[in-house]
Structures are given as C-alpha cells and as structure tokens.
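What follows is a single structure, and I will ask about it in a moment.
Each chain gets a letter, A, B, C, D, E and F, in the order it is written, and its residues are counted from 1.
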Amino acid sequence: MKSLSVLASLSLLALTFPFAIASDPSQLQDFCVGVNTPADGVYVNGKYCKDPSLATADDFFFTGLNETQDTDNELGSFVTFASADNVPGLNTLGISFARADFAVNGLIPAHFHPRSSEILGVSQGTLLVGFVTSDKRLFTKTINVGDVFVFPQGQVHLAANVGKVPAVAFAALNSQNPGTTYISETVFGSNPPINPDVLAKAFRLDVTAIMDLQAKFDDSSNIKTY
Amino acid sequence: MKSLSVLASLSLLALTFPFAIASDPSQLQDFCVGVNTPADGVYVNGKYCKDPSLATADDFFFTGLNETQDTDNELGSFVTFASADNVPGLNTLGISFARADFAVNGLIPAHFHPRSSEILGVSQGTLLVGFVTSDKRLFTKTINVGDVFVFPQGQVHLAANVGKVPAVAFAALNSQNPGTTYISETVFGSNPPINPDVLAKAFRLDVTAIMDLQAKFDDSSNIKTY
Amino acid sequence: MKSLSVLASLSLLALTFPFAIASDPSQLQDFCVGVNTPADGVYVNGKYCKDPSLATADDFFFTGLNETQDTDNELGSFVTFASADNVPGLNTLGISFARADFAVNGLIPAHFHPRSSEILGVSQGTLLVGFVTSDKRLFTKTINVGDVFVFPQGQVHLAANVGKVPAVAFAALNSQNPGTTYISETVFGSNPPINPDVLAKAFRLDVTAIMDLQAKFDDSSNIKTY
Amino acid sequence: MKSLSVLASLSLLALTFPFAIASDPSQLQDFCVGVNTPADGVYVNGKYCKDPSLATADDFFFTGLNETQDTDNELGSFVTFASADNVPGLNTLGISFARADFAVNGLIPAHFHPRSSEILGVSQGTLLVGFVTSDKRLFTKTINVGDVFVFPQGQVHLAANVGKVPAVAFAALNSQNPGTTYISETVFGSNPPINPDVLAKAFRLDVTAIMDLQAKFDDSSNIKTY
Amino acid sequence: MKSLSVLASLSLLALTFPFAIASDPSQLQDFCVGVNTPADGVYVNGKYCKDPSLATADDFFFTGLNETQDTDNELGSFVTFASADNVPGLNTLGISFARADFAVNGLIPAHFHPRSSEILGVSQGTLLVGFVTSDKRLFTKTINVGDVFVFPQGQVHLAANVGKVPAVAFAALNSQNPGTTYISETVFGSNPPINPDVLAKAFRLDVTAIMDLQAKFDDSSNIKTY
Amino acid sequence: MKSLSVLASLSLLALTFPFAIASDPSQLQDFCVGVNTPADGVYVNGKYCKDPSLATADDFFFTGLNETQDTDNELGSFVTFASADNVPGLNTLGISFARADFAVNGLIPAHFHPRSSEILGVSQGTLLVGFVTSDKRLFTKTINVGDVFVFPQGQVHLAANVGKVPAVAFAALNSQNPGTTYISETVFGSNPPINPDVLAKAFRLDVTAIMDLQAKFDDSSNIKTY
C-alpha cells in the first residue's frame, strides 16, 4: 500500500511547521503604532495608529522569546507569537515572528496561514516539516539545528518533533496578522459544529465516527491559536 | 453536549462552497493574454504574454457554463472553472469564474483558496453554505435561487445540496489562479502520504483509523481540483 | 468607407458589458464587515469595520439576483449590483457581483470601471459585447447562454441585447467598489456641465449640437449607476 | 436650463488634463531596466530586464522636455511622454512623466488613464482643467503658471488652453505605463468601429449622425496617443 | 588614487537629486480627500477622508510652484513639496510633486525616499545628479533644461547645481508621502544622537571627529525636510 | 551640549540592526522556485521559475544558520542571509531570513533596506539597536537574549554588540530581496566615488577630510553586503 511503503522508507515522516506570509498593504508613513481603541465598536482593517509623537522604542519591542514554554498539553507544543497584537509597532509593517516549543513527540498539526508565507528555523532538536500544495504534492524534510524550511502562502503545513529531546523553532511570517487555521480544529471543532452528515461524506467516515470526533474537539476551545 | 445540541437544532447545517479571492499583482498594460511556452522549462509567476497585436476576442471568451455536468462521482458534485489556464485573456487581470453542479445530496467538501475570496450565487436548487474563521466561528446559511454568499480569502468553506433537486451555483473569485485546497484530500491523500502517527495525534484517532482513511483517499488522484 | 463596411458585415456589432476589476488593498484580518458610521463626517478609504464579534452570516449574504428587473427605461436595461455598499461582508475582500437585465434591443452603453476588471456571463438571451483598448482596437463577440467574456481593467466596454427575447447576464468584478463611468452620461451629463465649446472641438460637432446633447442628458440624473 | 446657465457663468469652462497613476507591482530588485526582446513573440507583464551589470546612467535619462512642440493639428495640442517605453530605467518603478503643449484654444480632450492618477502643473499660460467622478460631479478650475491640479485614477479629465498665448503643462503619473483612453476617439474611432445603432441609442443621436461622427474619426488613427 | 582620478575626469561629479516613489495601497473609491482630525489622538495609515459630498476643486489644487524660493541657507537649496499633507486630494492616490531651488553651488545632499521612486526634471540651470545602488554603483549624469533623470525607490541620490546660475528642478514621486531621509542629518543629527563610538567605527573616524560632526548637526533641526 | 549629555547618560548608545520588509508582488501560483537562467542576458523582475513539476523539498531548504561565523574584520560582524538568491523556493514569497554574528564591540553600521521592514531577535549576548525616522527621531534600546526589536521599512538602523561576549541575532525581512544600503559605504565607497566637493558640503567637512574618507572606503569592496 502506497502510504505504508512511503511510511516505511520515511519512518519519521516530515511535518511542516507554522507560519507563512503574504502581501499586506504598504505603509503610508514611517510607522503606525497600533492602538486598541475602536470608537463605539467601529474598527478599521488592521488597527488605528497611536499619535506618532507619542511612540516610544517599547512600541517596537517584545521580550521573552528565549523562555521555554510549557508543552504539557494534548499536542505537546506551544507557540508564542509576536504580531501587531502584542508588538504595536508592527502595525502596517507586514511582518511577524514566533517561537514554537515542542515536547518529545510534540506536534504542531496541519494548518495554514491565509495571509502569509513562512520561514521556519530550528534552534534546538530535530523536526519533520512539510507542506502540501494545492495539487496534493507533499514537500517534506527532516531538519535540524541551523536549518530553515519555507512554507508558501496558504499551503497546508505541519511540524513534528521526531528527535529524542524537546525542540525549539523560530518562524518569520510576512503579515502583521497572518491568521492560523488548524485543519482538525476548524473542521471538527467549529462553533457551531458543521453538520456531521456533510463531514461524513467528505471524510469517508460514518456519521457516528464524525460525531465522536466532534465531541473530542468540543473541548478544544482553549487550544492556543495564533 | 454542545456540538450535538447544535446539530439537533440545525438538522441540516449549512456548509460553505468553493472559492475566494486575494490581491494579484496589478496590470502593467491593457492586457497580457497568457501563453504556455516556457522556454527550456523556464516559467514566470503567472504566464508569459502573447504578442498583443495577435490577441483576438476569443482569448477573452469561454463557453459551456450553461451545460449540466455529470455529478455521478463519490461527492456528487462537479466544478467547471474558467481561469487564466483556459481563458488566456484573464492572465494578469486578477479574476476568475466557476460553475458548480450538485447532485441531490451532492457536496463540495471543506476547502479553501490560498489566493482569493469568493462570491457564490445559486441559480438552481438549495445549498447549505458556510465558512469557518481562523478563530473557529462557523458562519452558515441556507441559500436559494438568486441568493449569494461571500467567503473571505483563505477561510475554510463548503457547500452541500440540501434540496430535493440537483443544484447549480456560480462563483466569482478575485485571482486569476485562486488555487483550491480540499481539506480531506490534502491531509489524507497527499503524495507521498503524511506520516500516520502524526495525523493520528492531530485528529485524535488511532493509527489504524488514519491508515484506513489514507487508503480510501489513495484512489482520489482523479478528483477534479480547480 | 471603413466603418460602414465593417458595419455591413457585422450587422449587429458586438458590444461589451459592464464591469472589470483591479487590485484592492489586501485584508489584514479574516474579514472587516463594513459599517456606515463616519464619526463627525470623517471617513476612511473603503469602510470602517463592525465589531468582528458581532458579525453574522447575513453580513455575507445578498438575495434577489434571480428576480427579473424592470427595464422600461430609455436604455432598456437595469443593473443590480452586490458590492461592499449592500453586502457589508465584502468590505476589504476585493470582489463584487452584478446582474444585468436587458429588454429586447436593450443596451448597457459604453462605460468603464476605474478600479476593476470584469467577467460577464450570459444566462438568458444573446448579447453583443466588446471592449476597446487604449490603442483603439475593438475586441467584440456575440455571446449566448453559457458564454462568458472578459473586460480588462479600465477598458471601455458595452453590451447590447441583439436577440429576440429579453437577456440576462451576470458579472464578477475584482474590487469591492469598482466604480462605473458611463461615457455619454459623464461627458454630456456632468454636474455642472462641461463647457460646450470644448466638447464641440473634441467631438467634432458644432456647439449647438453639443448643447442639444447636454440638454438631453440633463435629465439623466436618475439613471442608475453602479 | 441648467447646463446653459452654468455655461454662461463659466464662459470658458475648465477642462482637465492628461494623466493619473495607480499601483504598479513593487520592485523585487534595485532596478530592472526594460528591454524589448520578446523571445519568439513571448512577452511579460511590463518588460524583461537588461542585465543589471550593463545598465548605464543613460537608461535613466530622457531629454527634450524643454522643446516647444508643433501643435498645428486639429486639437491644437501635443503630448510628449516619458514612460517605460522610452526611458527603460522606469521599468518596474511605477512612475512616468509628460509635457503637454497647447496652441491658443488648444485642447487635450476628455480622456482617462486606466492605470494611474495624475498631477498636472502649468509652466506657461492658463488652462481650464477638470475631472468628472463616477457619480458625474465635475471638479473644475482655471489654473495658471505655478498651479497644479490632481486627477484621481481612472476619472475622466481634460484640459483646454483658455488664455491668449500658447500654454505648456507638465504632468506626473504613478504608473510606468498609465495608458490613455481618449473618449471620443475610443467611442467613434475604434477599429473596427462600434455598431452605429448601439452608439445612437447611447448618445441619443440618430444613426446618420453617429455614422457622420465615425467617418470624421476614421481619419484619426495618426492622433498621438500616450 | 581611484576616487581622485575619477574626480579629475569628472571635474564636477554628478550628484543625484531628491525623490522616488513606491507602491501605496490602492484606492477603494474615486477619491478620499484627507482631513486632519484624529479623534482623541487616534490616527490611521495615511489620513481619514472628508465627506465626499463636501469635496471641492480646491482640495485637488496647489499654487505657487512658479515662485523662486529663498536658498540663503547652508546648503543653498530649498524644496517645496506638494503631498497629501498640503494637497488633501492626493490622499490615497499614490503620487506627489515637488519643486527644488538651487543657489549657485547649491546642493540637495545625499538622501533617499523610503516609500517612492522619483523622476527629476530640470527647468532652469545645470545639475549633477546621481544615485548609488545597494551594490555601491554610482549612476550619474550632468543634466540641463529639459532633461529628466530617474531615481529608483530607496536608492541614495543627490543633486548639485554645477552651473553658473541658480537652478530649478521639478520632481514627481509615486507615493502620497514618500518620506525623505537625509543621510548626514539622520546619522549625525538624530534626536537623541547616536553613540559617537559606534559612528566612529562605521565612518572610520575618531570619536572626537564624530562629536564635532554631531555638534555641527545639532543645529540642523530647522533644515526643511520633505 | 545636547548630543554629549545624551551620550553621557547612554554610555553605550543603542544601535539598530540590519533588515526590514516591504510589500512584494503577490504570488500567482503555489510557488515559483527561482532559477538563474536569463536567456541571452534577459532577466525579469525577480526570477524566472523552475518547472513546478521538478521542484523538490531542497528548493525550500537552507542550512548552517547555527554556525558561528568569522567576525575578524574591521566591523567585527558577519551576516548570513537566506533570500531568494540562495533559497530558490523563496522566489515570489516576499520573505527572507538572516543570522548576524557580532564580535565583542562588533557593529553592523547604519544602513537601511529599500524594500522591507525587519524584525531582529537576539539569541546570544547584548545589542544596542535603534532606528532613525525620516524626521530624525532615534528609537533605541538595549536588547538581550529573547528580545526582539522592529525596524520599519526604509528607516536607517544599526546594531552594536555592547556586551562582554560575542553576540548572535536572527532577523526576518518581508521581501525576497530586501536590499541593504550601508550608509558610509554607499556615500564614501561608491564606484565611481561621489564628487568630494559635494560631500564636503553635505557632511560639513573640508574636501581633504572627505578624500581621506573616500580613500579608506576605497578598499571596502569586499565587505559582504546582503
């Protein structure tokens, strides 16, 4: 069987990791430090800007990416994300940055970023990474400390710790707010849930199996998405 | 249980449909009718242009969108897509168009378009449509003849025929080549397949169940993607 | 004479139809449902966004495109347009959609869209469509049910019902607000009117003829533009 | 009558001038000096680039904008245009520049640029300039030496010499190839011509009048467009 | 010595001039006349828009570019800049315009525009212009009345009056707010100043020389930047 | 004196580091792996694409970012850059990545990126970083392991090792080819050199001092730029 033979030869198949980046609108000024002050519930695409004369160096600063995060959760992974949400100076700049911690056997499952490509680099451990194109080709590789791998915008990708120690990766994404859509969470854990009959047909499972899956993912609302 | 109770009240939950559109690079000339002549295997982002003096009205023309398509396949659906691939005049214009046929109970399963938003309109029958945002909210609606529904760029969406007759929909997408990533095909039917251990963890299934799914989707290479 | 001989051989010359689409700025978030609440007369490029947590499926919905519209007006046509103005979920997505009704001999006269290309499809009847490039070449074709035709961004185009029954067309445009500039209305019906001496020279007519035209188009303010 | 009373008070109504600019794709390198070497009739959107190591200062240079041009033609105007076509260094930069000469009573008739906005400045004489928005409002002004006026992208605009001496203007446009569509030339002088029946209806003239116009514009193929 | 021998052969080496332009976000409407009314210190990328129904022709107008400016300052130059800041109609249009006056021996020193390319044209006198690419090649030329020269986006450029009379130049830039960073002012005159030790190493000067430079540029806060 | 008093209180003033990112044109396909095969000296903006069917995972891969680089040069720093030039899969994706090594007292001097913003993170040691806006405000901070700092597109920035051990930083930039313009190298080390008289005036130094500087930077052609 095809999937098994490939599995055999790739005993630890490559999984891709998190992020990627697209083309945000250009700046119209040196910077636009974001603020969170929608007047009467009225927002803009992105964020309003702080008075430029009040901007400080701290608006362009983020700390703590050296800290090992707790990965004691079902997936054995944790993502710390520096985007326009917590680094206001990133507003309008079209870029963001992240750290990912993986427990042994930890996983960042299949997902994609609607608004960005991504470059992932390993700073500790060994990861299997990969992405699947829209014509279903899997590009995959095992990467180690000092290696980087690229995930084109909007392609489904994942990353798994296939080493014997915890792993750490860093990622750059070319949007101030790339968005992250986890495949299994989105399909089985949406609120409200998708009609199980429809999912059964799409996933070639019976309705009971789908409903079991939906029940499992019903508790997933506290999974950190970024 | 939350997913089940919502299921009960929405006995036929809405599913979204196919396409969506992003922001292709702008034109630098009136048109650039695409050609398929990569010199020695060298391509460009998009397509090379035909000599403008040789362009004809037929380069901007496509026919047959009125024809009912055969939906006698596992999903009970068929998509006819007019993009820069078969309408060369669409090259550089940032738009494409499609027709979708649905058998009774037919389905276009969960998917997304990496490079476009989409507007879907119903010309026959009744569809349940919906999309799931990156924070897992499902926006869903049952739509009938003359209704349209919008799927933002990169959001997972689907559409199911919930009426008693075959359905037909039309869709507009804002890219000359939106790309279409079907979730289940991509995850379980990639070539080569993704490591089943990794998928088992992501989908909260055992490895045997994943391998069964991969075997089912191994035959899916002739599903029409667009 | 050239124009007459071409006229003879093309007794019903093709006219193009309405819309076309360009490259709107990209999204910075999953969606930005538009609102109409300029604070103290202050607007933004496009629209402010609704609080995302208050968005509903109806923000992405439009109905009535199946309804035959009254074409009992001077041009014998009517356009129904679904853009960010009446489908708030289209805000920031860079796409819009329209339906055009044509009486027998009905016409959508020469016009262009400053901000989009367009794909037009026929769902009933027969249209002559065409566009003129900036070097004055006319690309034209008679199209029937199931045919589509493409109008590149900013090119002057038009569409005329040349069949024996009313016609209906659908169009997709790649801007949330493509704009529509009707040539004759703009030139002869502006408010205030353009100096007739200047128009006389441009159109190689005498001033009296121009003033007659301006008088005719002075009543055109209630022509629906979209 | 409205158009006449406005005419009376504005005995020589302002007409707008030539150019405007949009958003070309961004550069991916310091420059891409354009070349004209399509291999076997295969072009790209814009132009191929010269080997960067062979670029010289002359690729970024244009001369002669100080020279008065011959305006002894039907419109009494002449436009000299510096774009990526004759200044190869402008390729990929998204900007172009022009000089316009006006005889006494000379005119640059109603036109628009599909791909750019425009800033027009007067260096000699007096011009009436204006543009018409897509909702048919005319913004118009008489401008003199040292004045500039702005024409937003895709808006119909024109300029007329209303002074007693020849006039000269300079214009900047934000596309390397803005395109220029002259309204009357496009509508009445296309090749092949548009069906006169259709134009008659659009312009509220009889078919004979339209055919007379088309005959007049049939000789216009040597009008300089830019 | 290389720099001297080139200097000898180019007795007055060409210097580049001021501006250049990039790719601002596209318009979503015919125009968005800018206003200066941040509500409670909250701004947007670019500017808020005036109520379109209140826009007038004067919003698209600027005057005085024919006036000779006082160049009695240390550099012997003065720049008058028409951007979205003082021509509100330029907001969202992606273009701006400037006039530069040069005394005999006057100079617009090395600088760049973060957000635009530039076309510079001479209307009086003789300028040495040039730009340096990111691989340090200098493209330079002496230009006279009627000549134009192009500076690609973000490249360092300058212009010097090398003629015997005052010079005047005009420049077009493809951003509504190109930004201008003068090299020497930025490096030696920032507020607060950059650490002299660091500058000493970068400029291969001793710390005392750097501190002397910083003292000279400390008085430069009233240099006009545009 | 202002610059000295600030100097005193900030004995080792913060300097910014390398990169920043802009808005490259969007993808028109899943990926376009770059190739280096200009036919007869003809290039495109960016790169031609490899036949997509021949792409492999190695096209998206780069290795060696964990390796300490030799910083035994005049500046005491070395930059390793992963862009579309050496990671062909980055072509069209609008993102790149770098590692910077700093000796004790090592420096990456004042520079900017014409086509990108940048996020810089420290993985070893202590850096003083900062950027200067176009109105000459310095935003500066001392950052340590786990800290990141943001440099907006086109702003002059720098970074200096102010700790007692070698430092290492990582940077993400939102262009496939951001370009890097080092201020002192560009101004004093261009080929051919800029006229010393002009630089003397701009830098408020005498001509002899400028010529000394040019002589020093004449040997700098083998400085690694990225």
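Keep this in mind: a contact is a pair of C-beta atoms (placed from the backbone, for glycine too) under 8 Å apart; a residue touches a chain by one contact, two chains touch by 3 or more.
Predicted model, so just to flag it, every value in this text is computed and none were measured.
In terms of the stated touch criterion, the partners common to chain A and chain D are B, C, E, F, listed by label. Rotation angle relating chain C to chain F: 180°, from a CA superposition, given to the nearest 5.
Of the two chain pairs examined here, A-E and B-C, the one linked by more C-beta pairs in contact is B-C. Greatest Cα centroid separation from chain A: this falls to D.
Between chain A and chain B, the centres computed from C-alpha atoms are 22 Å apart. Averaged C-alpha coordinates put the centre of chain A at 27 Å from the centre of chain F. We define each chain's centre as the mean of its Cα atoms; on that basis chain B and chain D are separated by 41 Å. Annotation for chain F: residues touching 2 or more other chains are 14, 22-27, 30, 39, 44, 46, 114-115, 130, 134-135, 140, 153, 155, 179.
Contact residues of chain B toward chain F in the complex are 22-25, 38-46, 114-115, 175-177, 179.
Remark: chain F residues 25-30, 32, 35, 37, 39, 44, 46, 48-52, 54, 91-92 touch chain B in the complex.
Against chain F, in their complex, chain A makes its touches with residues 14, 20-27, 30-31, 55-58, 60-67, 82, 87, 89-90, 93-97, 116-119, 121, 123, 130-131, 133-135, 139-141, 143, 145-153, 155, 170, 172-174.
If you check the complex, the residues on chain D that touch chain C are 1-4, 6-7, 10, 12-15, 22-23, 74-75, 105, 107, 109-110, 112-115, 128, 130, 132, 134-138, 140, 153-156, 158, 160, 179-181, 183-199, 201-205, 211, 213-218, 221, 225.
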